[in-house]
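Okay, got some structures for you below.
Both of the next two complexes hold chain A, though its partner changes from chain B to chain C.
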Partner chain A sequence: MTLHTMPVTRRQQVSTSPRDRRRHLVSLLVAALLLLPITPLVAWSFAEQWTFPAIVPQAWGWPEQVWNAGTVAAFATSFVLATFVACAATMLGAMAGLGLRRAPRAVSTAASILLLAAAAAPPFALAMGATVGSLQLGVAGPPAVAMVLVVLALPYTTFVMRAAFAGYDESLEEQGRTLGMTSWMVLRWIRIPLLLPSVATAALLAFIVGWSDYIVTVLLGGGDLITLPLLIAGAASGTGNEQSLAFLGMLAIAPPLMMTTLAFGLARRYLR
Partner chain B sequence: MTLLEVCSLELTYPGTTGKVLRGASLAVERGGCMALLGPSGSGKSSLLRAIAGFETPGAGDVRVGDRSVTSLPPHRRPVSLVFQRPRLFPHLTVLDNVALSLEAQGSRRRAARSDAMRFLELVSATELASRRPATLSGGQEQRVALARALAARPEVLLLDEPFSGLDPVARDEMHALLRELRALVEPTLLMVTHDRSEAAAVADVAAVLLEGRIVQTGKLDDLLARPGSATLHRFLGGANVVRGAFDGRAHRSALGTLPVDAGATALPHGEYDLLLRQEALSLADPYSTMPDTVTGVVIENTRPGGAPRTIVDVGGVHLHIDRDYGQAEPAVGAQVDVVIPMAARWLVAADDQVTTAVVPPLHGESATQSIMRPMAQ
Partner chain C sequence: MGPGTGASVASNGAALTHHSRRPRWQALLAPAVLTTTVVLAVASAGLIRGIDNAAPRSATLPLTDRPEFSDALRTSLLLASVSTLIAVVAGFGIAVIIVRWRGGRLVAAAATATIPVSHLVGATAFALLLADGALLSRIAPISSTLLPPLVAGPWWIATIAEYAWKETAFVALVVSSVLARHEAVLHEAAATLGVSPGLRRLRITLPLAAPALLVTGALAFAYVLGSYEVPWLLGPASPEPLAVWAYRLFTDIELSSRSDAFGVAALTTCLALVPLLVAAIGLRRLERLS
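Then we have the complex of A and B:
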């Protein structure tokens, strides 16, 4: 066996150049910065007693006071609301994104400025405006909350989907057609798989808008809609609720983290 | 037997007024390979897209076998198109790219993946099966694109300058592969190219498209030796066009009086361009006793495209002569004789009007200057 025909082992393939080592170091640093705020949250969630100046909790325990039917119901309500917002806003964002992609340049630029302004404006101001608008339309309660949240998520989903359509190579569909694919095959085998990572990203952003909302739910929910952020706000307003607050915070982090993992998984699967 | 027939195709793109195709017609034999030559903007790719069903012609017909496919959508036409860019599906492996083509024809997934391997074998790309398109070189991508197109089992395979983006070595490999494929599976091919050497390497016949019309078809050697006009001669790489008068026997120009093939004597007297392929001319020692020579002075030695060439001034006309590799380079300023064989002399009307013509074989019965008669009328 000559040198040129020798198989390369996996160990040999792992690069250990100084540049790669620096890259790994930066990755670790970023991961540490992201995980650092979560670490005390995890510790507090299961800390029955943790007083200054102890570095770790003095006593550990399950947060029984918040692990009840009310919390589960709030979690479920938040999840349903956020999922609805994600689905509706992504669908509308995809349509708007496609429209902007095909619109004349001037129209597309004007729409982009409007969307950016909406995304950059203070959330409270937007929420107040949308809330007043929906009340004037006579829509209130959970449907109104869902509707306003979809509107608030729309700039994000539209931006993501517009970028997705701009980067989408329509000539691949032409290639599919000349290989004998029907429109349905082209949709199933080419368009959907190629747009899926962007759709997942847009859905993730819309999900987070719906999942983390407090203002709109308070203003329009009329007390009928109890979501996880409302429970967190309640726990945060009292004293001595650190464990409950931390545990609810942990619950609030879980679904967006799972969605993020899913979106990245799809991106890795399809965008290599 | 003709498999692909394009009859008087006309095409205008929406929102434009000028016609891209103006009655383009051609025919490709079953199992044959036709190279479609033409300058940029002549309508080559548009013609292929119209055959594949991506453009709707305003008039004319596209027939495959004995049926018209003009009204069929692209996916129902028995043709596959390989584009200049390979357009592999980026989210699939090489194997799945080919298998998808088979699945589109109705194969089940497992069978399609198994059959796909055979098509990759055909293009010597089995080792690429598990790789993603992004990791392939240009030549590898085109191999896979060819395998994928063949997997669709088209009756006619259309190639739109598929090798133009490759380096010379990869391009030569692809030409060899295409020749192997032709021997193995005998596909019917119509290949767009603007490269004469590519056409010569792969195709049996060539057609030249100028301004939306097929102006000449025939074997490439015949097209090169007897183009229909000076413009066509220049497009096909011809470097020598000499304006002069034909008196029924000879062409009189700055080169002197050069007798022309007896077949041309039927041409009416008048002004004609004498077209001379630089490959057909040669240098001889001055005052040599060789027939068919003119004497001139060397003004330059060049290498256009790598081939050694000498430019000789003969009475104010600059004749380009390709030398053989290894042949001594004449000194600039030296007097030389240029051999212009009788068979290399080709007259076309000086008005440069091209009429649609099929060039008969060079050594066939009608391989004489008389083919030009309609053009001079």
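Then we have the complex of A and C:
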């Protein structure tokens, strides 16, 4: 038996065992259960006619009534808001993640508790409290929404980057410089490959916080910010508009889903 | 002094120069800590001012003495406890599947696909799946005499299902990433020593996963306790959980209700911090045990 054929043979042996087939079936069932709730969203998005008790839609079609200027504007507003939250929270989180590694233990613990308190505080309570203060400080509306969302995203970005710096061997940079690497080469060949997957994960989590928010925008936005979640909530409180609701839901899933795929692709490419 | 020593001194010098250029921890931590402190301080001051500005209303009972308060508190605690319990148990099981079974990658991909779905979109998806006349009732019609409505029914089934679904995936992904680091080596060592699979799961997998289960469980509990969108869309009109009640009071045309909304928000915030304190104490105990 050669080294090349051995793993294949072992895999074949394992795959034929009844226990393994049973486990494979259970894995498939669990994966299907996890994806099941998204199924009606996909089906309803393109169902022009789907009356009770039909199990599949009677007519398929593009939801023209939803794809209008208002939806595009809300999509763009959500995207700008989420991108701002992702950039600001990732930058501050990366700095804080490194700071937590270097700070004395007591300071690091106190800062972590503060950040965790922000993660645990109910967003509706933060927003309600901030309505009073932000009006007095003259920063009401979109800037106040963005600031609260950055604070809600900061715990995620900080702890992801802290874990990344914990696994980052700074002596590699010293070794690179000893071998004649310039600062640019250290950045290109050491720092980016080792830290980029974590930066992408942190940015993705912060983007999702900004992209998904409903309650902070409603309470603090003062009607100036019409984001995609506000349209979804409006459609959800009505009746007989399942196709619009499902299509808006799909629109809301698409960008973060693409970014998740991108972040995983980056991780696979650089951590190989 | 040999050439090696000279190189070492030069290298140390370069390292020292490099280290002296490194940003100090104070400068690195300050932006995040200051931003968080300012927002938390402004929000807390706003809540306290909002409660203080209460219009004198001799006709109404204090907030905590009202029946709505006990109903809201009981409902929120029940939703948070049941959803968290399901998420922790199912999340642990799925994490084991992800780490140890061959189909684990597929399960991990499915769990990851739920992360970009917000709770608001998740709630609309569950409404399209579980409401009267929705997909489930078409596939498997169940008589309403057997089971109350799943959406807006008295048992909060759709609300709990949505929270459990999203939080299970969150717990599973975090716990599986923790288990993936050490579990395989320890399992193999124990198997070599003849330890049974059940005992290995009890003595290796569970203790390794316990800190992550505690932290994710606490975060899930705090999230559900203070969440608004899901019970608003999928729950019954009455009783209201704390967040839904607070929002209704906040947007009430009666301006004096606002102070009550601030009071409910402040109480919910205090309650949401409790599971984190419990998790912190639990983590310290677990550290001592290990």
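Here is the rule we go by: the second predicted complex is superposed on the first by the 234 of 272 C-alpha atoms of A that agree within 3 Å, B and C clash if a C-alpha of one lies under 4 Å from a C-alpha of the other, contacts with A are read in each partner's own complex, and residues count from 1 in each chain.
Going forward, a residue touches a chain if its C-beta (ideal position, glycine included) is under 8 Å from a C-beta of that chain, and two chains touch if they have at least 3 such contacts.
Nothing here was measured: the structure is a model prediction, and the numbers come from that model.
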item	value
Contacts of A:194 with chain B and chain C, given as first, second, both or neither	first
Which superposed partner A:185 touches (first chain B, second chain C, both, neither)	first
Touching partner for A:107 - first (chain B), second (chain C), both, neither	second
Chain touching more of chain A, residue-wise (chain B, chain C)	C
Touching partner for A:175 - first (chain B), second (chain C), both, neither	first
Residues of chain A that lie at the interface with chain B and also at the interface with chain C	174, 177-178
Residues of chain A that touch chain B when the two form their complex	169, 171-172, 174-182, 185, 189-190, 193-194, 269-272
Complex contact set, residues of chain A against chain C	14-15, 20, 23-24, 26-28, 30-32, 34-41, 43-44, 52-55, 92-93, 95-96, 98-100, 102-103, 107, 111, 113-134, 137, 147-148, 150-151, 154, 158, 174, 177-178, 208, 211-212, 214-215, 219, 229, 232-233, 235-237, 242, 245-246, 249, 252-253, 256-257, 259-260, 264
Interface residues, chain B side, partner chain A - complex	52-54, 73-76, 79-81, 83, 85, 87, 89-91, 100-101, 103-105, 132, 134, 148-149, 151-152
Complex contact set, residues of chain C against chain A	11, 14-15, 18, 23-33, 35-37, 39-40, 42-47, 49-50, 94, 97, 101-104, 106-107, 109-129, 133-135, 138-139, 141, 162, 165, 168-169, 218-219, 222, 225-229, 233, 243, 246-247, 250, 261-262, 265-266, 268-269, 272-273, 275-276, 280
